[in-house]
Each structure stands twice: as structure tokens, then as C-alpha cells.
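Each chain carries a letter (A, B, C and D) given by its place in the written order, and its residues are counted from 1.
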Amino acid sequence: MARPPNTQPMSKSYLPGNTNQPFSTRLYQLTQRHRHWFFIAPALIVLLTVVIYPILFSTGVSLFRVTFASQSRPFVGLQNFERMLGNDDFIQSALNTLYYVIFSVSGSFVLGFAIALLIRRVTAGKELLRLILIIPITMAPIVVGLMWNWMLDPLFGLVNWFLGLFGIPGQTMLAQASTARLTVVLVDIWQWYPLVFLIIEAGMATLPRAPFESARLEGVSSWMIFRRLTLPMLRPVILVALLLRTVDAFRTFDIVRVMTDGGPALTTETLSLYLYRTAFTFNKLSRAAAGSILMLLVIGLISALMFRYLYRDVEVG
Amino acid sequence: MKVVLKDLLKRFANAERAAVNKINLVIEKGELAVLLGPSGCGKTTTLRMIAGLEQPDSGRITIAERDITDLAPKDRRLAMVFQNFSMYPTMNVYENIAFPLHAIKMKRKEIDRTVREVARLVNIDHLLERSLRQVSGGEAQRVALARAMVRRPEVFLMDEPLSNLDAKLRVQLRTEIKRLHQDTGATFIFVTHDQEEAMTLGDKIIVMNNGDIQQVGTPHEVFFGPRNAFVANFVGTPSMNMLSGRIVADEGGYRLRLPGFELSLPARFADGLGKMKSDGVIWGIRPEAIKLVSAPGENTVSGQVELVEALGSRDLIFARAAEQLFGVIVDAQESVPVGAPCHLHFAGEQMHLFDAASERSLLNDKPPQSPHRDGGRLCKDGDIHRIATNSPP
Amino acid sequence: MRNLKTILFVLAVASLFLPLASAQDSIPLTDPETGARPWEGKELRILNTEVVPILAYQHEILDPLYEEASGVTLIYENAAHSDVLPRIQTTCAAGGDDFDIMFVEDGWAGALAALGCLEELDRFYLAAPGDSYPEDFTTRAFGTVAMAKEKWVGIPTLVAVGMFAYRTDLFEDPDEQAAFMEQYGRELTVPATWDELAEVGEFFTRPDEELYGFNYRYGTPNNILFDYMIHFGFSRGVDFFDAEFNPLFDTEAAIDTAMFFAGQDFLGLQPPGRESFQFGEVMQNFAQGKVAMYGTESWAIPLLLDPDASIVAGETAFAPVPGWRNPETGEVQSALLSAGPAYMINAHISEEQKQIAWDYLQLAHGKAFSRILADQTGAGHRISVLTDPDLVAKWPHLTANYEAAKVGIGRPAEPWWPEAENAIGRALQEVAAGGDAASLMMDANSDIREIVEDAGYYDEGLTYVSVEQREEFVCAKFAELSLDHDECM
Amino acid sequence: MPVPTSERLLAYVILIAMAALVLAPVLAGSITAFKPQIIWVSSPPTWIFEPTLENFEFVFFTRKGWQYLRNSLIISFGSVAMALMLGVPAAYAFARFRFRGSKALMQWLISLRMIPPIVVGLPFYAMFLYLERGLGIGLRDTFPGLIITYQTFLLPLVIWMMRGYFAELPAAMEESAMVEGYTRMGALLRVVLPVVWPGIVATAILNFIFAWNEFFLALILAGNRTSTLPMTAGTYIVRTRVEWGNLFAVNLLIMAPVIVLTVILRRQLVKGLTFGILE
């Protein structure tokens, strides 16, 4: 029950009259209830076409014997999978890939984390340092690989020239089966530690200050603060960093392709590289498809496990 | 414009219960109705459904007999003010206010006239050329008000417009909204979780919880005649003292057995108590209704003062008696030091009783009529005290 | 009748190379139609990889003249060498006409022919032979580079035969000669056998001076390792397969060869990083004066003699690749790889494009231009060039080149060959890395057997095409085309 | 928090050493691009020389680097534009609407980042093949074909990043516009997009970097009409020699724009690289 206005009442509303009844209320309701699909559908359709359909397609191809030329495509069931799993080279490249994942991920993680911790302690030139330190991640992996090939050349590379200044004899890291894999991993770490560094730094910036300040006041040692406060509080961030690094390391292709092309003696061959070769050089499409499905299963399993840990901590969607 | 909500239901995806559970509500033309409730009670969802920002799962909404349930927000002829100032940061104050007028293709000259007129109404005509970065929170909300008014809508929806402001500004703007309501004569629907804001603003308060309307009434009805334990507990600061107890029939009446003490109940509960199926009740009394008396007696418990909070002219005392903590409001002059013994008297006519099972009030369903219905909208706490003593038995 | 296009081309070439004016007589008509430049405005797309230096000379010298004379625009698409085969396979599988002419290494022709990617050239030749002169190649070279089994699919772009480069400044230095005599009790000569090479190599291996004895390629892609089978294996009598396609990489001779090739006696002569060297690195090492001797292929000659590319260009000479001394006869047996790419015509392009492609190929890789190229760069691959007295006078190594081209052995032209070669290359790398030669070679052998089995060769009872049989294919093809060849007599 | 001087000094030493390790190869390599052929490699390295542009000239004109540059630009801009057109509305929906399955769908989108390109690239090639053979639709070696393929890694990234930017905006912004007489589309275009514009630019730039550096899918699916710059880098390691000077000239062409963009974008970089999981 309103009182009569005690100042001059506003004139009649500017609003349009009752003319905008929608064509059909039911239609309107329907579109309202499902309006999100209007926004999502185009993207979703494209993603289904460019991701899901290819995977299904690959699965299909892997059950037949298909080559570039083949006119007939006999159904062979799981034979391609069997052959792939029984193939030494496939197993070898899977193990190499595992090696990359373990060492590249842990290496870049430790280095990136350390740099994130260190850069908090500097003042002047912080921006410049950060800018320089993230350069590797912006470079195309193929460029990184080629560049380090040049750096590591046994006779003319800068690395050996530099070592030579200190009287250390020439190293042939990329050439030896025993060191090539490690060398490629080191280059991979060189390229990807900034990812960890950036993620951890961003994560640390979001940490509340209070617990750290009170711990300092209470005289807790830096190491204990790091172990009992920093690490647990950064858990989701750390998981994100590890997850992203893992999937990236898992699909390593470009760097190896240009640095060693899988050699010497297949010691640096990765799954991606091996499957590429199988399909496009050796003309065994369906076997490569089977291999890629196996690869997808493994990475799916790994990331599903990591995601489960992650979603425990992070709200998504 | 009369706003009617009929069987309005909204359930969000992945939610266990309905956000708004088939509510029915009538808001009369020119009324200032306040939707009050804790966060998540469905009040904002209700408002957003009226605005058309959420689509109800079922039920209808009509404004002035016009069914708007299936209209786009822009066609509902209403305005809305949001909690977080909802400014358009790429536009300056003037453009912000003019923005709604562009939608109805008004002529530039008329836009200019209207914008300035509205800006004057909310006292921001000196800010028009400023960018939003140069505008304070209170001013920003005035801009929002101006933007809402500029199309001269017949229904204003306000979604906690004051809660992001500091206390002083809040009071100031509250008055201004009140004045605006009177000046425009439009229907206002105001959402808040702040029951003091609801009391001071509302012609009608709609208390909501868990998607249901708990009570509809004037501020006094809601304050003095809570229909259920939730409303009793939610409305009023400091909140009502509440204890679970059992009813024992006594000769000629009922007694209430509470942990540690017993009370005799006034006759006005007799009807309600007679209909009860079990003996469990929730007893409640407002801190303002507890009296400190000098000696123990009927409906009195003895205890000790544990804590005193100064509220200004009055003190809020927490006294422990019969192992329970009671909040009591007393005049500052009559305050008692911490540790002092005290006797708390519970006046029978100010007690509330609720069925423990249904949490419904045991008084008859008709809420007590406030004797101050016309003048009491802005009444002070002292008035409430006076009214309380005058409420009918 | 000569059409204007040809005349223009001849005049242009002739005016540039007046001393060679006689060459014009050998350029016949390619298009019997009169009227100038029938393909004016057309494009010819070439999938290329900048694999060998002489192609660069071709682009520099020939292409502008051809474009001007014919009105055709040449469009080169360069791919990394290891991407070329995948690219051709994928394009071809789609029936794509993306390229008119494709760069095809000898090892790939079999696979591509099986996919139906390669246009046979007989009919073009019979209609207008032009300057192609297929009989101007040795049968070994032609069979390896230009044919896929019995099909003629290309005109060799070049014929790469094993060559051996050495530093004259080192070998002719009296001090070095004296020192060598003192140390080994014989004259310092360019080694003729692998054993001699090991000795001379050891002599020149002086890491302190950043000088090493010898340089060979061991790196990836694994297929380049296969060269070893020829240079080191075939000369000892190792073969790839028996007649029934049973792989022979696990024989004693093959294992011995692998052990020598990858053993420290041989590896130890080489600069650090040898396990990963491929053509690029070994050439770079030699061109920067880091090694005394260098096993290479004939295409490298122009680059090694180019003072812009090599700091030892003036001190580089060439010799035949060493071999093994037959203990019974005392003769040096050597076997040389014969390899090389040919530009081949895509089977999926239009007839007109095929005609243009043929027209370009017969000129670009034809007799006349081959001579110009050899004169300019010292690289030759046609018999007429390798035996030309003027050219031999200018480039003495051409004689060695010719001898090599006559005996060079090519890769099998089977569709699955790239995969098999990868398997053997991988095993060799592992041997070089210190693995057990016998078991690795046996593993590789069984891998290859599986590959052959997968391809259905044993089911279909296919038989291995030996080196001699390939020569027979070539001779049969020449006979079909009514061509005479000395080696087919 | 105050840091002891010794600790800070140590941090400086380590960080500067690391920065040197980052810069040294990049700078030394870039210098090589200006060296004449004879000193592309030399032992010891030649530091003083007369810089030449002949490598760039060779790479850019003789080897038609300008074409690859053009292709890279077309593909990168095209695929980013497509990803934005599809992804921005979807991101908006994910930020604004709660609906059945929205959370699961969002998680699914993150998981797309996990799929190795070979798993997609291989069937893509085969699909294009069948399309071409069966329906006569040529997508292989065309710009549209590559642009569509690039959506596999660009589109999820755009949705994730943009969702973050939209979620930062109060929903009230476009809701008030809707109440004030605009449709949702109108509100989106007139109110939200002007505000979220910097976010779109950041997303576009980061995605541009990814598309620009992409190698694997291009290797499989591009041809002579569409070869990109990274693909050509490999062509300078010819089998017979490595053309270091030319190679580094190409590397500079690939690297330079990205490093410039990084300088502009460094703050937004994290959001993109972490795929918006961190918020």
C-alpha cells in the first residue's frame, strides 16, 4: 500500500506496451531452457568432429589392415594391437617415452620450482629476469631442437668450445647411445621449465600471507615453512604443473625429430615419432592406429588418475 | 503494478532441492515488498525469475494481470538494481544512464533531457561526465538507481543493492530508496539478507528459507508474530533465545519443562497445545523481553552474568542460568557487571512456542495485529518495546 | 623441324657456354608441333629436397633458361629429406596432383611404384625421346636409380657412387711422409684397402691438433647406415637375401662386417660425435679441415671443391673407395654403393602436365645439360660425361667415378625396403654403441624376415631380384626401347 | 618479507646464470644467421665478422620463405579467428549458465589437452583422404583443412581462457542490460565484449603462438600450398650438410614475432599455459 507521492510524480513510463509477446510461448520456453546450447553447440560440434570422430575413426582403422594403397581392407580384429605389443621397437619407444616423462617432468619441475622460489628473493631487475627466463617456452620446439643441435656439435658447437676454455675435452652427448636420451631430456627441460616456473609463481602469488607471517613470527625454520606450509598449500598448483608437463612429455615429437630422429640405435625414439614413422614412412596405417589407441589409453589412464587428485582440490566448471 | 507469482518452481541442475519451491505470492501495486532470508534461501532466484534472468521450471508470473513468464527480460517493463553496481566500465556515468534509453530508440535530445532529470533526482548530476573509475561505491549505486529509473518502469527489482556499501552509506541510501519509492509510486521488490534493512524499508516482508516462503507480513507481524521457529530465529538482532522443552499438563494449564528449569505458560497457548500430538516444543523469547529482576519468583531463573556487550544506549548481557546462556538487552544505566548474580524473568505474554516436530507456532495461525500499522514503519527500538507490552494476550 | 622453344633454349645455353657449343647438336626436338612455347603460362610443381649440391647448380643455371625458353614457371616445394617419402606417400594415396615431379630416392621407388604413384616413361620416350638418352647411364646406375624392378620411372638426377676424398696437403707433405715411413715402414699412400685405411687413419688421428684420420656416417636416419653393407659387406661377399627372400644379415660374413664397421679400431679414427654423423656432419668436418680422409659420394664433389663452402677446397682430391684384399688372389675387391635420386613424374596428374614434366626432365637431366653441369662443378653421372676426354682432363676423378658407376650396387626395389633398411640400420647403430654384433644382427635379420612375411612375399613365392637380374631388367627395357648398350651385349 | 642480503645475492647469482644459459644459445644462434657461409661453423667460433644479410635473402627469396611466412600467417590468424568465433560464445555459456552436465563437459574440455597429436593427426590424414576420394572434398593441403585441424588444440584453450575472463565479470553486467531492454546477444555485444576485449586479445595472442609453433599436424596435413615456417626449418638440415646460417635465419623468422608477443603478453601467459585450471 503505497503512499501518494509527495513530490511531482514521474510521468508515464517510457516502456513499450504489451506488444512483444513472443511468437510461441512454448518455443520461447524451450529456447530459454536450452539457451546454453546455442552458445556451446558450434564449438562442441567442431570438437566432436576434430577430436572424437578421429579417435573413433582410428579405432576402426586399427581393427582392419589398411595401407595407403590397399583396395581391400580385411578385418583383422585385434591383430594390429597384438603385433604392436609384440614389437620390440614399439616397446622400446614406449619405454623411452616413459623415460622422458619421468626425467623431463621431474627435472623441469625441480628447476622451475627452484626458480620460482628464487625469483621471489630478488628485487631489482625482477621483470627483466622473468622475461628472459620464460623465453624458451615461447620458442617452437623444432627451433629449440635445431638450436641445441648446433650448440652441441662435437667439433664446432659452443658447448664444447666453452668446455674447452676450461680444458674439458669435447663431449659427444647426442651421438652416444648412452647419453643421447639424457641430452634430449636436458634440452626438453631447458624448454619447459618455464611452464613450471610460471605456474608455481602464479600459485604462490595467490597464497594468503597470514600463515607465513605468523609462522615467521613463531620462529619456524624456512625449511619447515616450505615443507609444512608452502608445499601443502600449493598442492593443486603443483598437480596442475605436473599434469601439464606429463602430457607434454608424453607426446614429445618435434625436439626429438630434429635432434636425433630417434637415434642412435633407437635410444631416443618416442611413441609419437615411432607411430609417425610406422604410418607415413613404413606405410602401416592400421598398425600405427592401433599403437596410437594404446598410447591414448595409457595417457588417459595417467591423466585420469592425476585429474582425480586435482579435482579433489580444485573446483572446475 | 500488481505482481503475482503462482506456483513458481525452480530447480537448478545438479541441485538436490528446489531453489524456489512452488511459491505463491501477491505484491500489490505500489507496495515495497522485501524478500528476506539467509543466503541460498531462494529470494534472489525469485527476483531473477521475475526479472526474466532465470526461467522457472513451472508456475506463472504476472505483472498487472499480464502474464510475463515467457517474455524476455527486456519486454517485462521492469528495472533492476544489482548488488555489485553492475556498471558498464567502458562507458562514463552519462552513457551508463543513457544506455537503456538507446534500447528503446529514443531521440538523442530526449535522452539527454531524461538523463539529466534522473541524475538530478538521485543527486549525481555533477558526476555525469566522470568515468566510472572516478566514482565511489555509493555514487556508483546511485548511478545504478538512475539507470534503473531512467526508463520509468512500473516495477523495480533490487537485489541486495546496499550490501556492498559501508554501514553509513547504507543507511543513507536506504532512506533515498524509500523516498524514491514514494516519489515514483512504483512497485518495489527488494531482496536482502539484512533483517534490519527489511524492517526499515518494507511495507511487506516475505521471509524465505530453503526455497519456501516462511511468512508474509508487515515488519511487525514478522517480528512479533513469527509463524515458525525459523522466522523467530532469523528476524531480530540479537536473535531470539530458543530452547527445546517438554509440555506437562498442569491443573488448569500447561507447564513447560526446559533443561534446568520450568515455566508456567499463559493461557493463550492452550488452544495450540491442545492440538499437539507430542509434547516436544521449542520455546523462545527475545532478549528485549527478558527482565532482570531483583529476586527469584514465578518464571524466573537465577544465574550469573558472563559477558557484557555495549550497544550504545543499551547493553547486551549474556547470562548463564540453569546451564543455558541467555541474551538479555537492558538499558545501559541498568547494566550489570560481569560475574554479578542475576535473576531473569520471562514474561509469559512475550514467550513464543513452536511445535518441535513442525516448528510451527503454537499460537493461532492469525498473526497478532500491530496497533501501529500506519505509523510504525520507521519506529525505533524503544517503540518496539512499547508495542510489545501492548500486544494482545 | 625445330620449334622455337628448343632453338631459344639451345641458343641461350650455347651463348653462355661457347666452348661447349658442340653440345647443341645433341639436343633434338621434343615437340614436333610448330609454333612457339605451347605451354606458355603453365606451371610445373616439383617436390624437392635440397639434398645434394648439384641440384642447387641446376636451379641456378638451368632453370632460368628453361623458364625463359618455355614460358613454364617452375615451382619448387622443398621438404626436409626425412619428410619427403611420407609426403609423397600421403599425397599419392589421396590421388593428389599436388606435384608434377617428385624427388624419389632409389630406396623408395619400389614402395611408390607399388602404390601406383609413378608414371612409366616408355611412351613419352617413344613419342619424343628428346635429350633423355637413357642408354647413356651404366646399367647398374640406371637399374638402381631410374627403375622400379622392370618399370622405367625416372631419369637419374644424379648417380651417387661411393667416392673417397683425401687431403693432398697432408698426403703430399714430405714431413708427414717421412714420419709415416718411420712409424709404419712403408710409403704414405692413399689407402686401397680398409686395413691400410685403418693404419693411415690412425697415423692422422691427432685429437690435440683437432685432426682425425677418417670420417664416415653412422647416424640417423637409419637408412644411411645401409651403405656400409655395400662398402664393407658386399666386397666381402655378403648379400642381402637369398633367392627365396630369406634375409642374410645374420651370416658370419655379415656379422664380421658389422663388427669391423662398428668396432673401435675403425670408430677410433673418427672425430667425436661419429655415432651420430650423417652426410651433413661428415662433410662439415672435412670441409672445416678436421679430417684427413672422408668416405663420401660423388655428389659431394662440387661442394668439396667450392672455396665458399670448404676451407680445404684447394687441397682436396678423390680416389676409389677402399676394399678388401682377397687373400687368395691378392686383388683388392671393392664394392660400391650406387644410389641417387631421380625426378619422377606423378601418375595422378593430367596428361598435359605429364607432357610438360617429361619435357622438363629430358632437358634438365638430359645429356647436354649434364655435360654443362659436369664442366661447371666436376660432378658427372652419364657415361658420355664420365668418359669425355676434355672433362676428364679438367676433372681427373671422373674416371674413378665411371669405374664406380659400372660396379655400383643398388638397394633392393621392394615396397617394404625402407622399413627393412631401418631395422638393419638400427642394429648397426646398436653395435656401434657397444652392443653384441652377433645377436643384434640376428635380431635384425628376424625383424626383416617378419617384414617380408607381412608383405606376403613368402605366401606369394616371390623371388629376390639380384643385382644381376636388375641389370637384365635394364637391358630388357633398353631392348624394348630399341636401344643399344655396351653392357648389355 | 625481508630477505637476508646473502640469500638475495645467491638468488641473483643462480638466476643470472640461468638467464645466461637461456640467452646464450638464442643469441649465439641468432648471430649465426648473419654470418657468411664459410664461418657458419668454425672452430673456434668466429665472433668478429662482417654481418651479411645473404642468409636472409636466400631463405626469404631463393627458398621462398616469404611464401611460408605468408602461409604461417594465414593459418595462424585463420585458426585463431575460428577458435575465437566458436570458443568465445561457448566460454561465455560455460561462465554464465549452469546446466546439466556443464561441469562434466568442462572437465572433458580440459582432458582434450591430454590427447597426443599423433592420435588425432593420423586419422585426420585418413579422413581427409576418404573425403577427397569419396566425396571430392579436398581438405588436405588447404588452408581450411589445416585451420579446422588446429581447432583440436586451439578451441579447448580458447574456451578455457575466455571462460576465466568471463567469469571475472559480474553477471549483473549483461543482466542489467537485458532488463534495460536488450537481448542477451545485444548485451553480449554492446556491454560484455567491450569489457572483455583485453582478455580476447590475450587469448588470441597466446593461441597465435601455439598455432605459429605447431609442427606435427602441419607435417602430416600440409603440402606445398600450405607449408608453414616451422616445417621449412627442417629443410635446412639437408642430408648432405647443415645450412646453419640459413637455418638460423629461418629460426629468427619463427622466433622473433613470438618473443615480441611474449613481451607484450607475459602476464596473460600463465593463464593460457595452465589452461585456466588455475584461477
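Criterion: a contact is a pair of C-beta atoms (placed from the backbone, for glycine too) under 8 Å apart; a residue touches a chain by one contact, two chains touch by 3 or more.
Since the model is a prediction, treat every value here as computed from it, not as a measurement.
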Third chains touching both subunit B and subunit A: D
Centroid comparison with subunit C (C-alpha atoms), farthest chain: B
Computed distance of Cα centres, subunit D from subunit C, in Å: 40
Averaged-CA centre spacing for the pair subunit D and subunit B, given as whole angstrom: 54
Centroid distance [mean C-alpha coordinates] between subunit C and subunit B, Å: 92
Computed distance of Cα centres, subunit D from subunit A, in Å: 14
Sequence positions of subunit A contacting 2 or more other chains: 153, 155-156, 276, 280
Per-residue overlap in subunit D, given as positions that touch at least 2 other chains: 41-43, 99, 102-103, 125, 219-220, 234, 237, 242
Per-residue overlap in subunit C, given as positions that touch at least 2 other chains: 82, 86, 90, 93, 210, 281, 284, 288, 290
Residue ranges of subunit D touching subunit C (in the complex, touch as defined): 37-38, 41-43, 63-64, 125, 128-129, 132-133, 140-141, 219-220, 223-225, 227, 231-232, 234-243
Subunit D-touching residues of subunit C, taken from the complex the two chains share: 45, 47, 49-53, 75-83, 86-87, 90-91, 93-96, 98-99, 210, 224, 278-281, 283-284, 287-288, 290, 299-300, 303, 308-309, 311
Footprint of subunit A on subunit D - complex, ascending: 1, 3, 7-8, 11-12, 14-16, 18-19, 21-26, 28-29, 32, 41-45, 86-87, 89-90, 92-94, 97, 99, 102-107, 109-120, 122-127, 148-149, 151-152, 155-156, 159, 184, 209, 212-213, 215-216, 219-220, 230, 233-234, 237, 242, 244, 247-248, 251, 254-255, 258-259, 261-263, 266, 269-270, 273-275, 277-278
Touch list for subunit A against partner subunit D, complex: 35-36, 38-40, 42-44, 46-47, 49-51, 53-55, 57-58, 61, 66, 114-115, 118-119, 121-123, 129-143, 146-151, 153, 155-156, 158, 161, 164, 190, 195, 198-199, 201-203, 206, 212-213, 216, 236-237, 240-241, 244, 247, 250-251, 253-254, 257-258, 271-272, 275-276, 279-280, 285, 288-289, 292-293, 295-296, 299-300, 303, 307, 310-311, 314, 316-317
In the complex with subunit C, residue positions of subunit A that touch it: 68-69, 88-89, 153-156, 169-172, 174-178, 180, 260-267, 276-277, 280-283
